[in-house]
Structure formats: structure tokens, C-alpha cells
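The first chain written gets the first letter, and so on, giving A, B, C and D; residue counts start at 1 in each chain.
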Amino acid sequence: MTKEKMPQPPTPNRDFTSAAREEVLKRVEKDYEEFKKTKTFKFPAWLYGPPRGKLFKVEVEDCPRFGDKAWVEFDSARTAFVSIDMQIDFCGPKGYVDVMGYDLGLTSAPIKPIHYVLHNIRNGTDIKVIHTREGHLPDLSDAPYNKVLRSKIIGDGVGIGDIPKGGLGRLLTRGEKNWDIIDDLYPMPGEYVIDKAGKGAFGQSNMPLLLKNLGITHLVITGITTDVCVHTIMREANDYGYWCLLLKDGTGATDYGNYQAAIKQIKMQGGVFGWVSDSKKFIDGVRSAFPDTS
Amino acid sequence: MTKEKMPQPPTPNRDFTSAAREEVLKRVEKDYEEFKKTKTFKFPAWLYGPPRGKLFKVEVEDCPRFGDKAWVEFDSARTAFVSIDMQIDFCGPKGYVDVMGYDLGLTSAPIKPIHYVLHNIRNGTDIKVIHTREGHLPDLSDAPYNKVLRSKIIGDGVGIGDIPKGGLGRLLTRGEKNWDIIDDLYPMPGEYVIDKAGKGAFGQSNMPLLLKNLGITHLVITGITTDVCVHTIMREANDYGYWCLLLKDGTGATDYGNYQAAIKQIKMQGGVFGWVSDSKKFIDGVRSAFPDTS
Amino acid sequence: MTKEKMPQPPTPNRDFTSAAREEVLKRVEKDYEEFKKTKTFKFPAWLYGPPRGKLFKVEVEDCPRFGDKAWVEFDSARTAFVSIDMQIDFCGPKGYVDVMGYDLGLTSAPIKPIHYVLHNIRNGTDIKVIHTREGHLPDLSDAPYNKVLRSKIIGDGVGIGDIPKGGLGRLLTRGEKNWDIIDDLYPMPGEYVIDKAGKGAFGQSNMPLLLKNLGITHLVITGITTDVCVHTIMREANDYGYWCLLLKDGTGATDYGNYQAAIKQIKMQGGVFGWVSDSKKFIDGVRSAFPDTS
Amino acid sequence: MTKEKMPQPPTPNRDFTSAAREEVLKRVEKDYEEFKKTKTFKFPAWLYGPPRGKLFKVEVEDCPRFGDKAWVEFDSARTAFVSIDMQIDFCGPKGYVDVMGYDLGLTSAPIKPIHYVLHNIRNGTDIKVIHTREGHLPDLSDAPYNKVLRSKIIGDGVGIGDIPKGGLGRLLTRGEKNWDIIDDLYPMPGEYVIDKAGKGAFGQSNMPLLLKNLGITHLVITGITTDVCVHTIMREANDYGYWCLLLKDGTGATDYGNYQAAIKQIKMQGGVFGWVSDSKKFIDGVRSAFPDTS
């Protein structure tokens, strides 16, 4: 290649950097003004395209500031309801949490609210449902060694992969009865199940691909435990730009103080990981768009 | 929780699994019929939302079968032009490929076509531009050991991180002159640069996040070398659902047979990794939508 | 914090950048000298720790240059044998490839060599076995739309998710008979199965976590098709630093020229994606360490 | 292929699944017994290979149960000290946190402890140092829209990408003075800097590859803010099997209750995300192995 023959790059007639920033900032300014008027985080059709399902609004609390309330608008067809790790091991009798001696009342509290939400969205809505399960291959090959060791020590000799006295099977082990989702919230045909070896789900499953293909933009998050798996998945999803709403009565932790703190942490700085609402407010929103739901 | 009090899950009045599949298959059937009439892979506004930029069509070759031709439709604002690894090390004098004794003519051949494309899209279009650079941190901490060792052996003692006789600096090392993009194709303000340690880019950079935020759906791919970095990135992007078009004169390999095979491999099975066109056909398409481009 | 009270950072008594690079380069120089003497890529115990299993060497071809031969040394306990996508859809009667009219002889050719390898390593060795399967959820929710559409067009109306005339079930759909691994190579208890929606596997499954936990450093790769899924997975693994060996008779493509080119592409530049050998040479190596294998 | 000619798969003389699990459980049983005697999580040389640097132990608190203490053993050469987001925007005057009106005392509290640790490990040890920076490209192309919008609303019209009154530059924007790491903790040559657009780092940077190549097994974590970026990165690292130790005086949050809760959440269930210690205990451990450190 002879450099002389090559026409030099044209002086660009655009400065994409500042032009692109100005465009974003102009857009955000507009949505900020809209928010001041409506207290609503509108579904951004300019970003995702026109709604594919029905639009509805859900009241959220302590937003933007503690004591305030606001609304987040959802497109039903772009919304996934996520039920995290509602497995016997975490909330059922003779499961892991029960065997460890934690108060089962705390982690089983969200069963009823999640059931209420599932009951409503399973009838006549186009909201997607995703369940996750934490657990390890029967040979423990996908369990980091320090995780297994810590479980052994805190369990006084009984940890992941062991069968506890009075338990249903090997702890946190795929295929065991205790590992599976409880009957009351069991996935139905057409709902998605993500198996994961970690607290989070995005880095080791097809969940990101699934969300992308389904066109999901907003996640409504429930499950257990609030400060561990629920927070980890909400953080991952938030980092990738999903609009995340936690239903606070649809989640629980092994320690009530940790539960409360986990809720508060989400609300900091105007919603650093998303928004917080509850099952009734969410279903009220859903019903406003799907009134004929039985 | 008393099981008796919990209303049992309703019989679902939907079978999402088959309903969802039928919806996809019905849609694909429709687009298949459209394709038979128009030979065009239309921009799927039903999937991504209405166009944000201008729509234009590009002729692609050997599609769906060898010998056939067809068109792919782009939304300019959702299209990114990707120029892969046009670094001195791969296509410039005294760079890595030159020092190794490969024919520089093969890897520098795409410079002119890429320049032609950049020249056109930099003036007046809203097509995004992404450049990638392969290279390692100066302490080689992000270079897998077997990669460094193999480079040392094939280079008869001169590999990644070494300064070859007559070379410009340490081979494939970030910050060195030979590592940077050649002057003729140097990124302009507002264009994106992805630095990567591997042949691919998706698993170790913010490229997936960038594409998601920019709303990109279609990638127009060029760069070097066809069978190594270009193919790897095209495979990654295709797996994530991006519509990928390779401009065959905008890419080159260190071996002409490998170049030809890499092109053919893309076209198998109706386009297993995407489509193939050339710089003229692409710019003809762009010009049809942006006629006032200088 | 009062800046005055804060002791200023010490002048570092180390320059990690160049020191670290020199350490890598010294190590690589040593292994390069060793290679010149032995023509062997020794198992780097300095990098991974002492062998956990038995060491054995496998002859590889066209390395470092075309016409040369060399050896790669493996630690059996850190080696995984990977059998990619040996599903009815790709190599069995009435599967996808058969239905599309491709020559089944090409993709079924690797069955016997893979069977031979499995037969040998299943008896008495500690080499791990990983199988992969490409396929989509029954509602096609993890299938990128352009993939489904292209399959429909090239299949003249019959693509992914459809039941072809004379076929066994829905093409590339999880749970269907045609989607599963062929009987002759079916996974045994204790072997790993990775389900994936794409050509690659690393970005959408727990395969990276599994390899890390199992302590795998070297992969022996077989399966179909050479230029599509096999190459994609080999590229991903190579980018993450795995030492990859392809067994050339243990792989096949739908086009013989693409198969040949895919093999050659690996060998470029001293092994840009790894090394190439065959099933007999690999098992000869295995047997040298496990002589009592039946 | 004629099925008759194919020898049927041998009956496997191993059951890898249960054998592998038993091996893990036996190992974990042994390390559990060792822990009961020594209260130490020994560096697992059986897993990672023999130490490359010097071994040292650090006292950790509330482990395995609240009120207990234990020790974690480190291999210095496999340890990385991580300083998260110690940027002016988060802990310096006129940075983002300051402008938002949060108490700078809380987020700047860890400066001195981190400085103390850096001072010690920079002299004569082989512990690696990694800094992270949160921030966005100047055109905001890697900032999820909801993140920008929320920052605008909570900031009463001044958010990410804006220049606040009395501020140093555009908030959280790469290249701005306020975005960079504070002078007192500025990276030295040979230390690593990871730029990230999210709260976490693993899914959008080369950090996983870097840790793998450097042979890191243990992370010592500090930085801000405890409940946001620090926790997110610790969760990601823990999911991938890294042994994570948080230095509690080396981290801070915008709210003291959230800080306290974040510390407690780590310690649940015997250390669900790792362990907690402080800068003095960590450096005491380091000094025991590197006594000549100035």
C-alpha cells in the first residue's frame, strides 16, 4: 500500500462523543422533567420499542428519597417475574436451613406472597416466570472447595453433599428431594428454570441469553435469601441495565436484621440496585392492565 | 405455613411452552414467506422496535445457497461497523506479521476497503464504529502462558513481549508503537476502541455491555485475520444473536487458502455465522439511505 | 483526613511491570530451550503445581512448522476429553444433517475414533470426560431469532423447532430423540454433559466453572462439526489459556474442504488455537501411562 | 457405520460420580478435622500446588460462629490486594459523594488503613495489587439508561455525565479528575487497574483472565462503598471460588448502618461470602512472613 495514494481520513463532520452524550443527557433531562410531574419511571419506548404487552404502573416506596413514593411502569410482555431458590433446602421442613437450626419462619414467609403473585400472573397475563435453583452436581464438581469446606465447618461436620440426620437427601445436591423447589411454588409448563452453582446466576448459566431473546427489560424479583442470592442476582441484573423491582414481602433472609438492611441498601442513592415494592402493590398494578384475571 | 390454608396453584390456562413456540414458528413462517418473495432479511421491527435511523439493504452473496444472492436490511442507528485488529503488528511494516516473514500483502489488503467504508460512514451517517486491538499488558499478566511459549517457539526465540530485530517495540504489548492501530485507519473521536487479550472479545471486555446500551442489532465486520480474530468475534456475536455481515474484501489472513475457507465456512447451511458481502455493496446500500454523503 | 498527617507513599523498591515481564520471559526462554532439545511442550508443573495423575506425551503434527512433529505432555488428572455435539441431529440417521441432505458419512466418521478413545480412557484412567449438546428449549426461547429464520430458509420451510418429514422429532430441540447423543457414545455416570444454545459453550453454561473446579488444564477435543461448534469451543478455551489438542480423526464437518481448512487453521503460527493429533497417537500416549488398560 | 461392527461401550469400572464426591468429602473431612485442631483455613496446596511465595496466617473474626475467631492462611504470591473505587468521586472533596451531600467522613475513613496496607505490601512482598475504578465512557455509551436517569432524579437534575456546581468535572466519567483514584492511594507501576462500568467487575472486564493468569487464589478486599461495589465484587469472586477476606476498617459506606450490615452479611453461615479481618491483623500476618519489611 502506498501511503501517497491513500486519501487521508476526512475531517469528521461529527463529534460523536459529545453529541452522543448530549443526546443521552437531553433524553434524561426530559425523563427527569416527566418524573417530576408524574413521579413515574415511564416505560422507555424510545429505548426498547413500543410496548408488546400491556402497560401498568406499580407503586414503589422510598423513592427517590426515603419517605417518598413513586411508580415504575412495566410492559407486561417485557417483564419477567423471578422466584429465586424457593427450594426445600432453603425454606422447607428438613431442608438445609431447617437442619442448620435457623428459623424457618423467616425464609418461608415469602411463600404465600409469591404464591399470590404466581396465581395472578399465571392467569391471563403475558408476564414471563423464571425460577432459579442453587445446587451442585452430584459429584460436587461445580462446588468451589472453600464453599464446601465452610459448610462442613459451620455444620459441625455436616455440609454440602452430606446427608444430615433427619434430612431428606444430600444437601444442596442436584436431583435430591430437598434440593428441588417446594410444591406450592413448583414451576409450571412454560416457565423457565435456571440451575446455578453460585449465589448469582448471570456468569454461569444461559439466563442472560434467555432474557435477551425473550426481550425482557424489567425484572420483578422475589425469593430467598434476600441478602445472599436475591441481592447477588439483583446486582448482576442491575449492572446489565435491567430495571429491577424487589417485592419485599416476597423475600426473606435467615436473619431479620440482614433482611431489613438488604432492603434499605437497594433504596440508597435513589435506588442503587433498583426499586422496592410489595406483592399487593405489584398485583394491583397487574390487575389494572389485566382486569379479567380470575 | 399450613399447607391446608394455601390455595393450590390454579390450573394454568395457558401452555406457554407450545404457545410460545407456535408464536415463534408463525413469525418465522411469515418472514420465510417474505424472504421467498423479496430475497431480503428484513430488519425485524417487531423484535427490536421501529427503526431509529434509516433503513437500507445490502446485497449478500451465496445466500441462502451457494450461487444465490439475497439482501440484508439494516437500521443505520442499530448498526455497528467493526474494524478488528488493524494494528501495525498485524498489517504494518516492522510489525509482528512482517517480522515473522508472512506476506504483508495479504493482511494489508483490507486497509483500502476499510478506509473506503470509514470515509463514507464517518460523513453524515449514524452508524457506530468500533475498533478492536489485541495486545497484552506490559508485564504479560493477561497473556496465557501457552500463547507466549508458542510465540517464542515459532519465532525462533522471539515472541510476545520481546523486541524483534528491526522491530518497533515489544510484540503485541499494549502501549508499544507496533501494537497500535495503523494511521490510515486510526479511530476518531466518538468511535469505540475495545482492547482485548484474546482472539475473541466478548468474554473479557465491556463489548457486550456497549452493544446492548447502544442498541446495536447488526454488526458489519472487517479486519484481520479472517480465520483467527475476525472469525472468533463473528462466532461470539452470532451466538448472542447479533446479525453479522462480513465484508470479504475488508478482511485478510496470513494464508490465502485459510482466508477463502473462512469465507466459505460462514456461508454454510444458509449462513451459519451470518452473511458475506463486500465494501462496495455495503456502501452502495449506505448511500441509498444517505445520498448526500460526500 | 489531613493530607499533612498522611505519610507519602514510599518509593517502591520494585518495578513489578518489568520484573514480572522478565520473569515470564525468562521462564519462557527456559521452556523454549527445553523444547528445542526435546520437541516437547512439557506439563508446566511450575505453573499448575505437581502432577496429580500420570504424565504422558502425545505426538502432535505440523508443529511448530508444517512438516515438523512435536509432543505435548499431559497430566491425566488435569486432562478433560471433550466430545462435542455427537447428537443424532448432527451424525445420526433421520437427524438434522441427514434430513438436510448432507453426506452423513462425513459427520459420522468420527464416531468410531471417539468410541475408541472413550473405551480406552473409561477403563482405569482418571481423565475426565465432557460431552456437549447443542439444542434449544422447547419454546425456542433461547434460540436467537436470526438462527431460527436462517434454518427455516435453508431448510425450505423446515427449520429449528419444526418436525421434518421422516424425522424423529423437532429439530435441535431439547428433549427430542434426535437432539440427544447417539447411543454408541452416550455419556456414562460420572461424565459431564454441557447443554448449550450456541455454537460455543463458555459464555452461556457452567463449563468454565466446572473446568476451574476440576483443575483441568488441558483439553482433548473431538466432535462435530469441525468448522462450527468444535472450532468455536476450541477458540474459547484457547483464549482462556487451556491447552487444546484436537484429534483430527475424531472430528468431521459437513464439507470436507471446510474440515481440512479448519485443521490447517489451528496449526498456523505454531499452533494459534492449539495442536492437532489423532485418536491412535492420543491413546498410545495414554497407554504408556496406564499400561494395564484393558 | 455398521452398528454390529462397533464394540459396545465397556461396563465402566468406575463410578466417577460417587467416587468423585467421596474424594471431595474425604478431603473436606480431613480439612475439617484440621480446622478443629488449628482453627485455621490452611492454604490448600493439594488444590493449587505448593506455595510460590511465603505462607502467612491472618486472624479473622466471628468465624465460624459470631464470637469465635479463626485464621486464614495465605500464599503471598497467590494473594491479590484489591482496592475498590477509591476515587475522588466516592471519597474526595468535590467528588460525587461530596456533592450529593453524603458524609465524606464515612467513605474517606478507609483511606488511612488502605494506605497503611499498601505501604507495607509495596515494600518487599510479592503480593499483587489491583485497583478498580467505576466510571463511564465520555459519551455515556456504557452507562445503562436507568442508572443515568436515577442519578439525575436523586441529584435534583445533576447526575452521571453532568458537571455539578462546584464540582471538578463530569460525574463518574472516565478521564475526568473527579473520576480518578485519589493521590494518596494512586496506583504504582506494576499494579493493576480495572476499569468497570458497573458495580461488579467480573462480567465486563479482563479481571477474571488476569486473576487466572496471575495464579491468584486469595483476595484481600478493601474500598468503597461496602454495600455496593465492594459487596458486588466480593460476591462475584466468591462465586468463582476465590477465597475472599474483607478488611473492615479498609472499607466504608455512605450509611453507617449499611456498612455494619454488609459486614455482618458476610459472616453469616460460617462466612457465606468469605471472611472479615482488619488492616492491622492483615499486616501483622504479612510481617510474620516478611519481617524485613520497612
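By our rule, contacts are C-beta pairs under 8 Å (C-beta built on N, C-alpha and C of every residue); 3 or more make two chains touch, one makes a residue touch a chain.
These are the chains along with the protein names UniProt gives them: A, B, C, D = Nicotinamidase-like amidase.
What you are looking at is a predicted structure, and each value in this text was computed from that prediction instead of being measured.
Of the two chain pairs examined here, A-D and A-B, it is A-D that is joined by more C-beta pairs in contact.
Averaged Cα coordinates give subunit A (Nicotinamidase-like amidase) a centre that lies 31 Å from the centre of subunit B (Nicotinamidase-like amidase).
Mean C-alpha position of subunit A (Nicotinamidase-like amidase) lies 23 Å from that of subunit D (Nicotinamidase-like amidase). For subunit B (Nicotinamidase-like amidase), the set of residues that touch two or more other chains comprises 16-17, 19-20, 47, 139, 141, 143-145, 190, 197-198, 204, 209, 213, 240-241. Chain contacts here are complete: no pair of chains fails to touch.
Subunit B (Nicotinamidase-like amidase) makes touch with subunit C (Nicotinamidase-like amidase) in their complex at residues 16-21, 24-25, 27-29, 31-32, 35, 41, 44, 47, 64-65, 100, 138-141, 143-155, 157, 159, 161-162, 197-200, 202-204, 227-228, 231-232, 235-236, 238-241, 243, 254-255, 257-258, 260-262, 264-265, 268-273. Residues of subunit C (Nicotinamidase-like amidase) touching subunit A (Nicotinamidase-like amidase) in their complex: 137, 139, 141-145, 190, 192, 196-198, 204-206, 208-210, 213-214.
Across the complex, subunit A (Nicotinamidase-like amidase) is touched by residues 1, 3, 6-7, 9-10, 12-17, 19-20, 45, 47-50, 108, 111-112, 115, 118-119, 122-124, 128, 184, 186, 188-191, 209, 212-213, 215, 240-241, 294 of subunit B (Nicotinamidase-like amidase).
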